[in-house]
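Consider the two complexes below, in which subunit A is the common component and subunit B and subunit C are the respective partners.
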Partner chain A sequence: MKIFSSIAIRAPLLAAALLSATGGVAGEAPPADPLRSVQWENMYGLYLAGRPVVFDNRVLVLAPQAAENSLEVPVLVDAGALGRVEKILVIADLNPLPKVLEFYPRESRARIGFRVKLQQSTPIRAAVLTADDKVWHVGGVWVDAAGGGCTAPSVGSGGADWVARLGQVHGRLWDRGAEQSRLRFDVIHPMDTGLASGIPVFHVENIEIRDQDQLLAEIRPFEPVSENPVFTLDLPGRGAVQIRGRDNNGNRFRASVPPPAAAGKAASGAAR
Partner chain B sequence: MNNNYLSGVSVAGATALLTVMLAAPAQAAVSDSDIANDAKTTGDVVTWGMGLQGQRYSPLKKINTENVKNMVPAWVFSYGGEKQRGQEAQPVVHDGRMFVTASYSRLYAIDAKTGEELWQYDHRLPDGILPCCDVVNRGAALYGDLVIFGTLDAQLVALNQDTGKVVWKEKIDDFKAGYSFTAAPIIVKGMVVTGVSGGEFGIVGRVEARDAKTGKMVWVRPTVEGHMGTKDGKENGVTGKVNATWPGDMWKTGGAAPWLGGAYDADTNLIFYGTGNPAPWNAHTRPGDNLYSTSTVAINPDTGKIVWHYQYTPNDGWDYDGVNELVSFDSGGKKLAGHADRNGFFYVLDRTNGKLVNAFPFVKQIDWAKGIDLKTGRPMETGVRAGDPTKSADGKKGETIFVAPSFLGGKNWMPMAYSPDTNLFYVPANEWGMDLWNEPVTYKKGAAYLGAGFTIKPLNEDYIGALRAIDPNSGKIVWEYKNNAPLWGGVMTTGGGLVFTGTPEGYLKAFDAKTGKELWKFQTGSGVVGCPITWEMDGEQYVAVPSGWGGAVPLWGGDVAKKVKYLNQGGSLWVFKLPAS
Partner chain C sequence: MRWHLRLALALLAMFSAWSAAAADLDYGLQPVKVAADTYVFQGANEDFSFDNGGNIVNTGFIVTEVGVVVIDSGPSRLYGEQMRAAITKVTDLPVIRVFITHMHPDHFLGNQAYDDVPILALAGTIDGIRSQANAFTDNMYRLAGSWMRGTEAVRPDEAIDEGELSFGSRRLQVIAGGGHTPDDLMLLDHATGVLFAGDLVFHDRAPTTPHAELDIWLRSLRRIQALPVEVLVPGHGPVTRDLHPVMQTRGYLDWLEQTLNTAARSGVDMAELLYTPLPGEFDALSVMPAEFHRSVSHLYPQRERRELPRVSN
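Right, the complex of A and B next:
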């Protein structure tokens, strides 16, 4: 609760700074929320105000209608139809810590799969900032959840030896044709929200995906991303990639993922 | 053969990281000259020891013997959380901000004027940490825009002073082998200098210097003979000579952990680090002096090599350790240094070469030695040593002895102060003894490596703790203040003629530095085992001290428990000043 309240206190300042910096839309009311969330105006003020905001069906957010497991709700955001995207901000309005992650697609498609902890039924939104006109395009869905996902201790915290596997990365690339590949990887990390009693906030805060030449994509996860986070991205090219990241305690992890196997081989591996 | 989608795996463990800070610091950075002049500049306290020589003397005199009776709280800050335990830190303060560490590897940045929290860092600790003597931390170091502290799982963390974000983090060693870290780092010539804790687990002690801006290792100096040092990643000479003072392979798990903070003397360009007990406690397993355990080692920061050493308790069989601070002072045109050892003797050394100048008892009862031979620098032992278990009837337990001081020492970790005004040391002493016996022991990674059993007993009905003003030239105790419970907090003295220290009973107290008369006290609500500081802000003098009972006494205190069992835990920082006139 501590972190949440500090965010809330600082929010008006942040919003004011953004407004004055862009000089534009001060005083504009947020557009009406198609999801009819009681938190929408707050979310707008906290994260979006200062840029034009439109609700846009081209921002696809796929998530189950009801969460089977509030600790691990799968979500896919796809804003590939919008053209060049600067960043995607994912928020869960009714989580005690609404900010889920930021995704900077850079050279990759504006599409990311991940899993999130939910404290109660909530909209999950993706706000997509387009690169050229700097407009927030917002899409989202309601997910029904029994709750408690953010204030429960991580499963890893229950084991005495969680630190032994901390920062291990497993990943694989699949050939998607047309000089494209799909990357899925996970990172062993408790992703503690700081809301479970006696367990400090402890989460991966930055992940970069690179090929030999350049930064392909960047993910900035926050507390609500599920324990041992799993991410799925669509990358350009068909070569090996490097994954580098760190958490808020300064623990660093690094892994390289070999190029996609030949199509037949990959299929047989995946079939099992 | 892996056959799920996670095959083709590459794994990398967690290691340290450097990042480029994007934001410029909002506040003035802590410079090398801020650190070098810390003892003289009254507007801040940026080093452990209130100056790298460790005198814990401030020239401030706005609060003095005349007006200290009027001192009142300015603010109090709660560390919060469900975990409390001992609060042994010395806060640091710079440019209107205070940084203080707390139990369980927590660090707080606080507005020094209002007491409001700026940010907080809670290190995520694994469950299997092995601190021997409570989950304490003794303070942080400031350098540039960084605040650097060590954690109970033996990591060194550097955070941005403005944001509390981790800038770099380095693993000191494997906490599962018993390594830990509780001291305050010091900054010397742009390097962050640290030791290690874990002497009770048979680790190998070492002093390390890293680039303070990046965390990159510069040099490593082991404190047990036979182990290779390094500098810039290359071999830099073995410490001592293999098997000169250790038998067989015992040096490989020799302990000698430099677990308390160090000091630096610019006059001699030497880092002074105290080293802990040789491992295991059972001295019969390791005949010889066991260098460089229970010593002060003087290390040249430019070379990472030991220039001189002085050993206080050769072949330590009582866990007397030698880790206590060596405080530089000048007297009669000589460059000297004072050290109050757990073994009950106060030593005055020539800090240019480590030669003994003077040694005398600072506690009332010392059973293990008659004195220290000023010619040889060695103790004149009485023979009061725990019996060899291998010579006992069943081979399981040696003869039990009673010996004073106890292993918690005539003085433990809590730092003393030296006043250049009175030329006196102010030593937080304790009077206690112990029953001690030895048992057979073998080394096992991560398991306590003692080979000894003990119970601690008070020597007097009416007190254990005694704050003593000691003349390093004459060896005389000029005054003393007796305290019912053992003293476990740091001492500070000021140009205002005052000596400050805390008591487990919860008081921060101020004494007349010349007479020992108690002039002021304040009940902080929990035992004071932290280190007070003082500084000046907006023309007013402030005094700060952490409050929160804990440390080794309640864990290992034996019969002492009846004097401390009613004391409650806490976790707060108190700041005092004179009322507005």
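Right, the complex of A and C next:
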């Protein structure tokens, strides 16, 4: 990975970028796109204009160079190196629906893993809004995809039994030491984009993760997130957490994930 | 100086484009004799491309007293036709049977060249080709371009089971393995000890897993180790006189299974898993790390979900 190769030159570059970006309000030209996407100016205008924008190597976007399954392209965004983060916005420039998800880390690390449906080769970008100075820090990679991911109807809604399983949640916590735990969970949901003919848009639109005291993190998925979405988050503490969510049709789901040790025992005996 | 260099590069580019057109899509298939009456067309040890026209696969044939037995027909109609023409330079005997080792497109899309010959395969191979032929063909057109012109998927016309077949005095053993795909046929020639292993065995090239069941595949490989093999013809990669490619394929699949399961059990995200460093011996295989990334996509989702118990009501 080339992530660390730019450490030596980052500071002056970043300062320069900040200077040039402070005037990055609506109507002004966005900074030049290192990924050279024809849609960058549009993305900037639609989602980012109004705040300063800098390209920042500390925003890691991990994804395969080529998508083997364009319905389920794994992506992990990590902006933990940026300090306090208000929100992460993930966009895929060349998707018919570019907005993939919003993530509000709140108390958790600014890192999220998920999967996305891609219609064609596209940049996948994470725009990270820092909490203190309200600057968009943008990172991203190109993913080469054969396509079909967004207009193909989801596999689940083609089957017969998904209605009965809608909103089921499977999940587990892992102890990561230092009062940290990792949460992985999925939600049974077709995540229909509305682009396939005859199938209306139908997707999970909000998920909250709480411990007994507070909201730890919030995810707002949009249409391009894969069917039966799987998420990876890194949370503070080592206790049980509650997951609550709803889709755009008002269906609600909730689940409680036992703390790491108990989850290990539960997993061995659990049948799906 | 710089101008001279540019001019040379431009001329070189022009010349190579011109010579590719002049070659008129010739796979240049040369039969290599690997045992008595037994020949292999060895493909490039790389991924499908516009340059190799999909010729990344090993096909072969055995000349028996009563005619020629062909093993796999290659990635395109053109390949099948050029292969059949190359066979006529070795023998005047007619082709009497074609065996298709498994359902992957680089192994059977040359079937059109053998439309006057019975084409045999295991039942699962025929089913797989029936249900996925269009997707396979589309994909090959995308990857190999004009080499695919005129290619259509032709299903094998006869399902066979494991057992011995005689062609004159030649006894060929059909072995029904699996795990690379639902049904993987191998052909062992008792006269020479040549084993056509299909894609159950890869050599110096990363194994592919789009339809793989790793435990079944590993069982098939253990079975090969008990066979009287003198010459091993892998589906991809150089022919050998020992079982080294079997051990190499086993080693990789064992490592892959263990790596995926350990990651799933310890909560690793799929995108993080892509960045797992490969042990040197596997990193050295061709088409790495791309093939490992594909395998993660094929095989990780079912394994990670096994580790997530239901937590909603």
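In this text, the second predicted complex is superposed on the first by the 235 of 272 C-alpha atoms of A that agree within 3 Å, B and C clash if a C-alpha of one lies under 4 Å from a C-alpha of the other, contacts with A are read in each partner's own complex, and residues count from 1 in each chain.
The criterion applied here is as follows: a residue touches a chain if its C-beta (ideal position, glycine included) is under 8 Å from a C-beta of that chain, and two chains touch if they have at least 3 such contacts.
Keep in mind the model is a prediction, meaning the values are calculated, not measured.
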item	value
First, second, both or neither for A:E68, with subunit B first and subunit C second	second
First (subunit B), second (subunit C), both or neither touched by A:N42	neither
Touched partner set for A:N248, first subunit B, second subunit C, both or neither	first
Contacts of A:S197 with subunit B and subunit C, given as first, second, both or neither	first
First, second, both or neither for A:H170, with subunit B first and subunit C second	both
Touching partner for A:V257 - first (subunit B), second (subunit C), both, neither	both
Partner chain in contact with A:D186 - subunit B first, subunit C second, else both or neither	both
Touching both subunit C and subunit B, counted on subunit A across the two superposed complexes	167-172, 184, 186, 253-258, 270, 272
Residues of subunit C touching subunit A in the complex	139, 142, 266-267, 269-272, 274-275, 290, 293-294, 296-298, 301, 304-313
Subunit A-facing residues of subunit B, complex	3-17, 19, 81-83, 122-124, 126-128, 153, 157, 165-169
Residue numbers on subunit A that touch subunit C, as the complex places them	1, 62-69, 72, 74-76, 113, 115, 146, 167-172, 174, 182, 184-186, 230, 232, 243, 253-258, 263, 266-267, 270, 272
Interface residues, subunit A side, partner subunit B - complex	160-163, 166-173, 184, 186, 190, 192, 194, 197-202, 246, 248-258, 261, 269-270, 272
